[in-house]
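Take this structure, written in structure tokens, and hold onto it; I'll ask about it next.
To keep things simple, chains are lettered A, B and C as they appear, and every chain counts its residues starting from 1.
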């Protein structure tokens, strides 16, 4: 007798499973959970905290906030950040002061851990939300974050 | 009243007037074969597309929608890609059998198509053992799978092929017996006769309970015959990679792939013919327009194809020993009892 | 004469053969290589071969500072990355004897449990795919994406979050965090029963799972099984229950135990754990205490001389972090006791005698993440 009750319960469980997929089939029109990625670029917005790549914001006077303290370079686990710095004479005080020549960022080595941004005392570097980072040449992944001719914003001290 | 018969008759007479009788009949056969090949190669491709769209809808996806309007040309593009691909193979393969295997599979499935009554008079090959012919032909395909799996000299492919052999030989019985149950009602193996019998009511209605049981057994065994999930042990991708066609590429792979889908169509078409009255419309609503028979036939077939897709995208795969348990301990005994019941039903004339 | 007997024996003997399953095989979920000895369809021996994704994380830890170590743990068991981070952070904090604010503890627990649900939904989807039900994969991922969105909004990343730092959290939770988490719980409570009707109840699935890959309690203990694998065999090994960390001592939950020890028991333990995790989150989400999200630590953390051990319960089992410090800024030796490694070691024990299909199903219930095993 259990032979037939097995068949009955077996068919019943199979139909239960089919009802689940069948329900989704009928609601397929509105229920698609996938995105049509390159088409929805205009509406696709990443969250504010999304870690895309490290950038150094500059204001309208081409000034950034990096003092060249190298804390980010020390904090980075992978050596993605290299700072080439120099000592220059500060015009206002006349003292010798550290300033950055190039803030080099190797995107290809970055693991997006966020330790550099946590370590930065002057908020000179922040996360950007772009995620389309693919390039044809690996060397293009090495970026200089400070723009040419930029200098430190006045009043930023480390 | 457009009837296929009149068109084909005109061509037939024109051909026989043009050339001697023996040449004409050969030319006629070739013409029909070319027409069938063209129609079903394209139909097979669209079945693949249908499967992909249906799967996408079951899985909360959108499915192919880039190539052509709503992705209608997607599988055409895939076929073109497969044609242009290099045919790779293993070094120590048995080259002759390796190359032969895909043709076994595709030819056997295309041959089976010739006997279906798509509508009144639209039947290429109306032989008196039509149903037997179908069962016989559909079991040839497994030879191709066995050859392909064995000759490609790959252990995964070999396991897949052996599973296929076991599976098809077992389930062939159930397919045959469940159809035999219905033959008790029709009294003929000829497909046009079987349709003729159903003018009073589809066989699944005529045969009521034993017919419904036979239909269920047929659908389960038929799904197993086509090596589709939940019986896709042959190419169980999480176990064997790609199963018997692991080493095939390009068009040879496409033959296997296409054959699977045409086989699915065949299994559904047999069910349509035997259980659901082929091209007959329900209650004869479109009896006066015979050309609509094609629509009815394809409609019924596609519903059954959809049912098989539904199975595929819902159920997990069986294990090889459970597969055999299901056949030999459940389907076959029930089937045998069912035949006896059907015989009594026919004997006592308690059909509807 | 002797020759004849040999030939006679040989002709009646079935021969065993080898198969390489992996490193590129759909069922091994990554780059695990299994050397199978098979007789027909029956598995005679399973030899896992590791090392295809070995990145020497433990050695790299000896070079890095304690803050930097945390982000490497993301890359071990990437499906429970938050819990891995927490393990290192807890070890460092305990060594420094830092007093961690309650807010941090509660947030860590909530995100940890969310991670567990995310990991289990992914496992459920992949598990279904391994036994041939392809649709489960998308249903599992649908629910996991919602959790990933919560993570992305708060932590900035979906998978390798690196949200913990020694001393607290990198930044405070996003204002939407509570709302989104509640929405997810409400959503998931309607979807989890669907998992049962689609897969758990299915007769084919049950036949594939029940009585397959049986692991006895004694074996589970002696092989060092942990997590759902151990609990499926009736071995009470939930670190959250026995050695509660973070805010887990403030919540009430049941440790899921099954006595059968087969694949189906392991499956059910995970499904039940999702319910338990939801209940833990529900208990905590409404009363996240106010306060700081981190306590100040030195820029260069130097642990006192000595040996420190901390264990946590990841989605896969017990993760241990063993630090030997000589008082410098990086550990002298850091050893991870990863759950996947011990769980993999019993694969040969439970898969022998089954079919190839059983091996795949059993491996799916072990829920292996290969980078966790190789490190």
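Assorted remarks:
In this text, contacts are C-beta pairs under 8 Å (C-beta built on N, C-alpha and C of every residue); 3 or more make two chains touch, one makes a residue touch a chain.
A quick note: this is a predicted structure, and the numbers were derived from the prediction, not measured.
Viewed as a network of touching protein chains, the structure reduces to a complete graph with every chain in contact with every other.
Of all the chains shown, the one with its CA centroid nearest the global CA centroid is C.
When the interfaces A-B and B-C are ranked by C-beta pairs in contact, the top one is B-C. Set against the Cα centre of subunit A, the chain with the most distant centre is B. Mean C-alpha position of subunit A lies 26 Å from that of subunit C. Taking each chain's centre as the average of its CA atoms, subunit A and subunit B sit 52 Å apart. Between subunit B and subunit C the centroid-to-centroid distance comes to 45 Å (mean Cα coordinates, whole Å). For subunit B, residues that reach two or more other chains under the stated contact definition are 58-61, 313-315. Shown for subunit A are the residues in touch with two or more other chains, namely 14, 17, 20-21, 33. In subunit C, 135, 138, 142, 198-199, 202, 204 are the positions where the chain touches two or more neighbouring chains simultaneously. The residues of subunit C lying in touch with subunit B in their complex are 17, 19, 25-27, 41, 128-135, 137-139, 142, 198-199, 202, 204-205, 207-208, 355-358, 360. By the touch criterion stated above, subunit B contacts subunit C in their complex at residues 55, 58-61, 155-156, 159, 229-230, 232-233, 236-241, 313-322. Put simply, subunit C touches subunit A in their complex at residues 64, 67-68, 70-72, 74-75, 135, 138, 141-142, 145, 149, 152-157, 160, 162, 165, 170-171, 174, 194, 197-199, 201-204, 206, 299.
Listing the residues of subunit B that touch subunit A in their complex gives 54, 56-62, 310-311, 313-315, 330. Here subunit A touches subunit C in the complex through residues 9-10, 13-14, 16-17, 19-21, 33, 46-47, 49-51, 71, 75, 77, 111-115, 118-119, 127, going by the rule given at the top.
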